[in-house]
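Next come two complexes built around subunit A: one with subunit B, the other with subunit C.
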Partner chain A sequence: MDVTGVDLKALLEEVGVKPEVARAVDPSGPLLRQGLDSVDFPSFCALLEERYGLRLDDEAALKLRTLNDFAAAVNGLKG
Partner chain B sequence: MDRKTAIAALIKNAKDPVPGQKVTAGAFRPEDAPGVGRLFVQVYGEDYPVDDPYVPELLIEANKSGRIYTVVARAADGTVVGQGGVYQSSPPNRRMYEYGQILVDKAYRNTFAAFRIHKYASENMFGKLPNVDAMFGEAVCHHLVTQKMSRGVDFFECGLEVGLMPEEAYAGEGVSGRVSCLLHVRVDHDRQADLFVPECWGGQVRRLLPFWPLKRNVKQGGSGHVPAADEATDMAVQQFGFAGVTRCNVAEVGAQFAERVAQEIRESEELGHSLIQFYLPCGSPSCGYAAEVLRQAGCFFGGFSPLWFGSAGQGPDAVLVQRLLRPVGLAPIKTQSDAGAMVVRMVLEDMERAGREFGAPVGVPVPQAAAEQPESTQG
Partner chain C sequence: MPEPQNVAAGLLAANLSRCPDKAAYLCNDDTLTHRALAADSARFANLLRARGVVAGERVVLVLPDSFAYAKAFLGAMLLGAVPVPVSAMLTRADYAFILADCAATALVTWEDSPAAEAARDVPETGVVLCCGLDGPWGLSEHSAEFEPAVTRDDAPGFMLYSSGSTGRPKGVPHAAADLLGPASPWGSDILRATGDDVFFSASKMSFAYGLMSSLTLPLSFGATGVFFPDKPGPYELLAAIARHRPSLFFCVPTLYNLVLRAFEPGNPEHDLSSLRLCYSAGEALPASLCRQWLLQTGVEILDGIGSTEAFNLFLSNAPGRVHCGASGEAVPGFETRLVADGGDGASPEVPDGTSGNLLIRGPGLAKAYWNRPEKTAETMLPEGWLATGDVYVRENGVFTHQGRSDDMLKVGAHWVSPVQVEDTLRTHPAVAECAVAALRVEGLMRPCAHVVLKDPGLAQSQPQLATDILRHVRGLLPVHMCPVRVEYHTDLPKTPTGKIQRFRLRSA
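Moving on, here comes the complex of A and B:
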């Protein structure tokens, strides 16, 4: 089953994003404009790699802006 | 090879890495030494105060002996594009290491290199190095990057070094005023010991103690416990000229402690320094006496560090006490955790008290330019 941006929203708290910030995230909006920062971002990528058993390329990951972008990337890599 | 020759060779042979390569982090290998040196030259020029990173033989030997554990970020072609380290530094306890020095090549700052270095260190080194009982870090407070990297890896905020670094150290980051650092400590191996809590800062120390599961016989360190006349004060003094800071590790509190304190404060003022720090040993019943001497000299509470002294002197733990030597402007002090905010509050309140009671210099916030501060990748 495909992963969605809403599924990924539940993971934000696991990388230390404050619950009130995580709850308010719009899956279609840029994460860096919704309270996440340059430390949260790679932590979130690492968690996705671990959780879904895949490897995100740094350069490609830096182009992902929203949770929906991440969901599409995860689904693509899961094949 | 001496430092000067090594730096000349690094400059001569420096080759910028090809940008855009995939980066992985791993343990230092001898062939990484010139790449690490190149990074230090790029970031610090010739001014980094320690020789090890510049002289390949020294860095290789330090990693071999366990004095330093370097982590490197390598590009796909093997070029070193980042480094971090766990290493011996200021604490008299040779089993308490510092974690930091995360440097990333300018061409790789917009990658996850710093994060990968940190992840490698936290997964492969923290709690796993045979000769390391505890680690500490100093997280700058004008941004939250370093503080946030310490979350979730059992470093606990336990002190604030007020105005530790000059703003010139962060040129290009748009910060005005001296930069304060949060001290945070992780404890991996501990043993039963006495802890004399100094009377004048008992409340502060007792609020920090529960952070770690320490095995301590906690006792009151009364200010009346004057050391005997034949007990010598053992105080090692480090001068950090580039930062304008004097750091005094008081391994043993003895007679003439007050005179030594007055002398060090006077000499540091004459050097034009901004800050003097005293680490007091909490295993000594005279810890409370020493704290009171410092309080009367206009000093204020800075923090509590478990295992700072270890088996050296009257350790194992230390209370950090500090005094500003002149009024200083302070860059914003930001915190990412409730514990960090609590530490900042208690230290700044005591700084204000020292100003009120003893006319000691205090730090005042410096207004910043309106633009948001950029976030550094240097720890």
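Moving on, here comes the complex of A and C:
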């Protein structure tokens, strides 16, 4: 089953983003505009790779801005 | 008129004659001309003297990047005192340590700062001057005339602090003339800087990289610098570039990564059209970021490496000759040697394509640490060689960073001592033993916590425990020191004498 941006919100909480910030995230809006900082972003990327057993390409990952972008990347790599 | 021999006086006088009414600095809505900078720096020197500060004494500066910073730094130098820029992000305990370590007689900071509180506990620091962004209250009452002090060439002219492996920062004194080193050939030949340039550094002036790009370069070329007093977030940096239209932007890879993620082409608040060149230092710039930045913004990033001890960039890429993923070639004027572990300047070099410890030699290197003879002996080697602690591979003259020869991590251009992070991790009640080592995420190094739990069963029974440990540390440490991940182990790799081998835990 495909991963959705909403599914990935739980990962934000898991890496230590404050629950109230994580829950309020709009999956289609840039994460950096929604309270994520320079620790949250790499923490999220590292957990995402571990949880889904995949490796995000460094260059492609730089274009991922929203939870929906990340979900699409995960689904593409799983597919 | 004889040439002024005071370095600060020399810089100010040159600009006073060639471009007095040009902006020396821009900050928010305000402009400070070179004429006003010269006058207020002289006033600052008079103010310090009136408060009893004399030549040779240390004046600690804990300020946001601002007009006040430039005036205080140059004013202290005019007096022959030793300005000591220190990060504005430290704790009261850190400031108390630094004030006492350098026996500062004066502190320049903002009202109610943790540094001002710390000064109450340090008897030597009798003078505390509180500043706004423009300078201290009452500065204009002092004379704008000042006879600059002439100090010995080998006396400390300014001093920076660099984090140590035990977590205690160490002072790195430089001769006053070292302040000019980055202007040439790095500034003149690699950056091709001129008086028409506008310099903007996201790296703060308490770091060597920030001081070079915000003070040395704009003043050496009679150009203009942009001060950004706030915490540099990606959207704030983009807005500042669109507003002040710098031609040269100096930043660090962690922030370039965030700025690129935030960048929206076509958004007028993200207008980068003024930039002719970007520079990156502080940590190795990943090849992926180097390429994507050029693709998306159309502006080249030159990566280079310098250090507090060098107060210069000693390896650098050059415009039109960028090797993405590499630190570039030796900057003219610097000699380099790559040697095996334990080697010094007399040791044979490792062959091309083989990892070696980078030693450098050249003008402007610090001769010693402040009151740290053992650390000095380890780093400042015979015949003028300096051990950088960085491991490199060289091929056809191009150097590619391989990591550190010690356990220190460079995260977001800040030094992180694993010891300090481990001490904090151990304050979590579930942690029995731990080690911190680098984890590579998107090509950048981040701290990863390797933890042995007191009760190994908790890893299964409490799935939230890793999150809890991460949150615990984030409440206690600055953001760059916080681990991005917790990995559980049943035991940690150790030497036969029981010392943890952190290098075995690093991710490639």
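Rule of thumb we're sticking to: the second predicted complex is superposed on the first by the 79 of 79 C-alpha atoms of A that agree within 3 Å, B and C clash if a C-alpha of one lies under 4 Å from a C-alpha of the other, contacts with A are read in each partner's own complex, and residues count from 1 in each chain.
One rule holds in what follows: a contact is a pair of C-beta atoms (placed from the backbone, for glycine too) under 8 Å apart; a residue touches a chain by one contact, two chains touch by 3 or more.
Not measured: the values here are computed from a predicted model.
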Inset, instruction - State whether A:L47 touches subunit B only (first), subunit C only (second), both chains, or neither. - result: second
Inset, instruction - Could you let me know whether more residues of subunit A are touched by subunit B or by subunit C? - result: C
Inset, instruction - May I ask you to decide whether A:A61 touches subunit B, subunit C, both, or neither, giving the answer as first, second, both or neither? - result: both
Inset, instruction - Please indicate which partner A:P30 is in contact with in the superposed arrangement: first for subunit B, second for subunit C, both, or neither. - result: second
Legend entry - subunit A positions touched by subunit B in one structure and by subunit C in the second: 16, 37-39, 42-43, 45-46, 57-59, 61-62
Inset, instruction - Note which residues of subunit A are touching subunit B in the complex, please. - result: 16, 37-40, 42-43, 45-46, 57-59, 61-62
Legend entry - Contact set on subunit B toward subunit A in their complex: 20, 22-23, 110-112, 115-116, 119, 144-145, 148-149, 151-152, 375
Inset, instruction - Spell out the residues on subunit A that touch subunit C in their complex, using ranges where they run on. - result: 13-16, 30, 32-33, 37-39, 41-43, 45-47, 50, 56-59, 61-65
Legend entry - Contact footprint of subunit A on subunit C as seen in their complex: 234-235, 254-255, 257-258, 260-262, 286-289, 291-292, 412, 439, 441-444, 446, 466-467, 470-471, 474, 479-480, 482, 484-485
